[in-house]
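The structures come next, written out as structure tokens.
Next come two complexes, and both contain subunit A; in the first it sits with subunit B, in the second with subunit C.
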Partner chain A sequence: MEKNTILEIRNMNISFSQYQKGTKQTKLPVIRDLSLTVHQGEMVAVVGSSGSGKSLLAHGVMGILPYNAEMGGQILYCGEPLREKRICALRGKEIVMVPQSTSYLDPLMKVGTQICKGKKDPERKKKLDGIFRRYGLAEEVQEQYPFELSGGMTRRVMISTAMIEEPKLVIADEPTPGLHLKAAKRAMEHFRELADMGAGVLIITHDLELALETADRVLVFYAGYTLEDAKTEDFRQEKTLRHPYTKALWRAMPQNGFHYIDGVQPYVKDMPEGCPFAPRCEKCTEKCRGEIPYREVNGGYVRCVYDS
Partner chain B sequence: MKNTAGKFILKNFVKMVLLIFAVSIAAFALMTVSPVDPLQANVGQAALGSMSQEQIAKLEEYWGVGEPPVQRYLAWLKDFLKGDMGVSLLYRQDVAKVIAVKLGNSLFLMIIAWVLSGLIGFALGALAGMNRGKFVDKAVKGYCLLISSTPAFWIAMLLLIIFGVWLKILPIGLSVPIGVEASGVTFLDRVYHAILPAVTLSITGIANIAMHTREKMVDICESDYVVFARARGESLWQIFRNHGFRNVLAPAMTLQFASISEIFGGSVLVEQVFSYPGLGQAAVSAGLGSDMPLLMAITIISALFVFGGNLIANILYGVIDPRIRRGGAAK
Partner chain C sequence: MILEARNISFRYGEKSREILKDFSLKAESTERVGLVAPSGFGKTTLCKILSGYEKPDSGQVLLDGKPLDFYGSYCPVQLIWQHPEQAINPRLRMKSVLEEGDNVSPDLIKRLGIEADWMNRFPAELSGGEMQRFCIARALGQRTQFLLADEISTMLDLITQSQIWHFLMDETEKRKIGMIVVSHSPELLEKVCTRIVDLQKE
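After this line comes the complex of A and B, so read on.
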């Protein structure tokens, strides 16, 4: 039953070096411990609130972190380590990223040329025409500049940059903000299609509801850690969920009562010892101050000392 | 569309007229408060001492001493508006004629320097910006900082000593060979004499343009769209061709046209060092010799050049940038 694993991330951590008070350099760990797997034809969503460092995950895999960032852990692509040389050869071909906002499009380059990376062979042009028809974009749009596009069109243009290649792995960084519900759903469906065509799709989003509608699995990301790795079905009821934070998220959904919990995600600089969610967790005890294992429970994973 | 173009032209024409008016008043005001006594400067203390009162009075009238400044300015303005720039007091020729000759010499020099510094500066700046932090970048940056902190006239003297005095391969000054009739001067002679001043002007011009271009390029390389281009597997060269060049072109163009003023300013000093009979040198002698009509005309022409440069940059911006070209047209 095991499908081919496309991407496997083991204990990824990313930190920034920052200057403080003149020459003192400090490290700012934004992602502390993140593990996930994406299989062929599977759509996995990483869900976390804003400012939790989710986007860095995409940049880390693509090898485009800023110069003052440092990454640890292991990334395996199709079973083999994905180091700098390999990602440089594969990105933009087998591994593609769909970026977050319009600022990722060159403002001075026509949309069509940009999707084709400046290449002009007729084969690409034909493929592009096909993609545009599929996404309901008029052919004139190819001759337009990014500033002339609407939000939904921009989104589709950015997905087109992935479609023009032959991707085995698609990483989408926040593909839906700024879109109205219908357009956001459509954007998610486009990614679902990519997964159904056989690619592994990793969606990074803060919209749990949208993720649950289209993804196969959902990873809950909080303060630099993956707290839970659950199947989408697990979200049908609270008791199949594993982590107290995930449960809190579930209860916060409108159809489940709209309950909220106090507090905010801790800032990178004042992280609590042990479980990052401990200060907001009602089940928190002394045990939560120690090392928290990330373990398998009921076909998913959880980073919690308690059994749900 | 036609209407906006007409408005644009009219607006800029009014701006230009106002600018010239303001510049002429400022230049004139500075001249009137200048401590230079035209008689002492141009005739000399010794000669003045041996002159009769009537002769001195005649000279004073010629140089405009004692005449109320406002009246003098208005007289000048009246002639200027009629298209008459007056007669140069030093050269005893029509200002228009003097300027035509000097400007011809200077333009030759400045165009070479402008084109050279623009092209080389752009290339160096782009190269450094694309390779930020690497050896090329450090070398270019080092060069720019060194040159920027060196006065142009000092570089001029240095080059003069090396190439003119020690190596003797280039002339030490002037724009034509000494002792040759004007009709016998060839184009090559002119180029030969323009090399050193033009190179001096370029060397200093390059630093400025390269530094600014580098800065822009670094910004572009840190932009989201270049990060995305890298994520799409584009090579450094592809990134430059697809994104870097395109995005740096407009600011570089503005810079290039704005640098006209710096080349103009630099040429004043450089021409002085090389005794190059151009507009810059004429400006210096007009200023020191209280040649009001000539200095006013040179000031206004310089202002026109700078204004024209900026105007061209503005127009080109609209041509290059689709956000202005198309966005403006849509509204």
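After this line comes the complex of A and C, so read on.
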């Protein structure tokens, strides 16, 4: 039986308008073509190169892109288009986000008040105490201001802001860096629980290892494209992975040899024709310069002309 | 060279809790020491003290037996920060960011994979991985003797992490620069470090 789809993104693209010289404006296409689905009860991890548009995707869904951004494509939440009015009504309640930068907290508000959004009823307080105990945060922390916290504590406070609601869709933008392994695992397990309770969870992360322990599916982003959509099991060995970039990512894990490939992701202004990974790919041929289809292979999806 | 923290105690302001208490650590320039501890333990604070950004309330930081002030205007112990975007002046072009370092060699910049075209850009036009490369180059000036890496790669993708760590191991070995590495990933420390210190067990 097909589970209910919570979030579906079809061919999302985001570009920024920028001033060149004087009043001359140019468009900078940062996200080219992203597609993904998150089902009810599913935890999906998004991994990929830094600057591949992972955070922008989250901001795009939440409707908090900067004013000079333009978004195309389609976002469906529970089957209905998610437009500005609807997201404004739902965010912070049904749809929550755990932001990446620790600077998203209000520096002038005590942590406890901030998490409860100013509400003071005893039920909320009880829930907050419970969450704090789970994350190993002392009760005094509720009375502290963000600047008094260490990096890891801030991280846990930000996760708490999402946990206090009963969300249907959780988008977490790198929720674990700066956390020690035990706390990071606990946080991931907590996201997993939210999924098991029926929410859709989208985790944006660089920690592939941690993602593989808890997520159901892994999406691989590169330079503003989805390159692969794989089941977590596919990551057990290199040969079940589909895209050469995903394979390179797998080989770069410390436990899989810590290998690296040269070069960097292309800058948005000089993106190559066809496959964005082509300049670094050992399999690259003339065929990679043309249109690359995003196609189904072995129960997953890949954007590559070759069969792995 | 030997970098030594001797009986360091530190707290931020009068009322806050004591973050480090009578802490000591010794590292040689042939070593890459990994530091492990839960968050909030004072790892970043320790890095800031070791590189002279904060003064300890009591105790001393010594490089070859001499306090850091002895080495004049350029501190030979350099820190690479956890968040590159917060360690760079957003109004400087990247080439000016590199000039903040101590005569960073062009060859090193090239080997870090920094492209000539990036030099004229502003920090906002680079990804985290690209910015971190600049921060690393800036910290590896001519007179650098010790390098502290405070979670420098958690925000980077695995391939970039591996690129950067291979470069750092190579470079510090060649120039006999000692390293202190803070990370939450045991697998990474296993690959990178010659010795691992668990602060909780100290």
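Points worth noting:
Going forward, the second predicted complex is superposed on the first by the 303 of 308 C-alpha atoms of A that agree within 3 Å, B and C clash if a C-alpha of one lies under 4 Å from a C-alpha of the other, contacts with A are read in each partner's own complex, and residues count from 1 in each chain.
Convention: a residue touches a chain if its C-beta (ideal position, glycine included) is under 8 Å from a C-beta of that chain, and two chains touch if they have at least 3 such contacts.
Remember, it's a predicted structure, so these values are computed and weren't measured experimentally.
Legend: residue contacts after superposition of the two complexes on their common chain; A:Leu179 is shown touching subunit C, with no touch to subunit B. Partner contacting the larger number of subunit A residues, of subunit B and subunit C: C.
Of the two partner chains placed around the shared chain by superposition, subunit C is the only one that A:Leu208 touches, whereas subunit B remains out of contact.
By the document's definition of touching, neither partner reaches A:Pro29: not subunit B, not subunit C. Contacts of A:Asp262 after superposition: subunit C is touched, whereas subunit B is not reached. In the superposed model, A:Tyr145 makes contact with subunit B only, not with subunit C. When both complexes are overlaid on chain A, the residue A:Gly41 reaches neither subunit B nor subunit C.
Residues 148 of subunit A lie in contact with subunit B in one complex and with subunit C in the other. Listing the residues of subunit B that touch subunit A in their complex gives 133, 223-225, 227-234, 238, 241-243, 246-247, 321-323, 326-327. The residues of subunit A lying in touch with subunit B in their complex are 59, 62, 64, 67, 88-93, 96-97, 99, 101, 103-109, 114, 117-118, 145, 147-148, 161.
Chain contact summary for the complex, subunit A toward subunit C: residues 47-52, 148-153, 155, 174, 177-184, 206-209, 248-249, 252-255, 258-265, 267.
Across the complex, subunit C meets subunit A through its residues 16, 36-41, 44, 82, 113, 115, 117, 126-130, 151, 154-163, 165-166, 184-188, 190-191.
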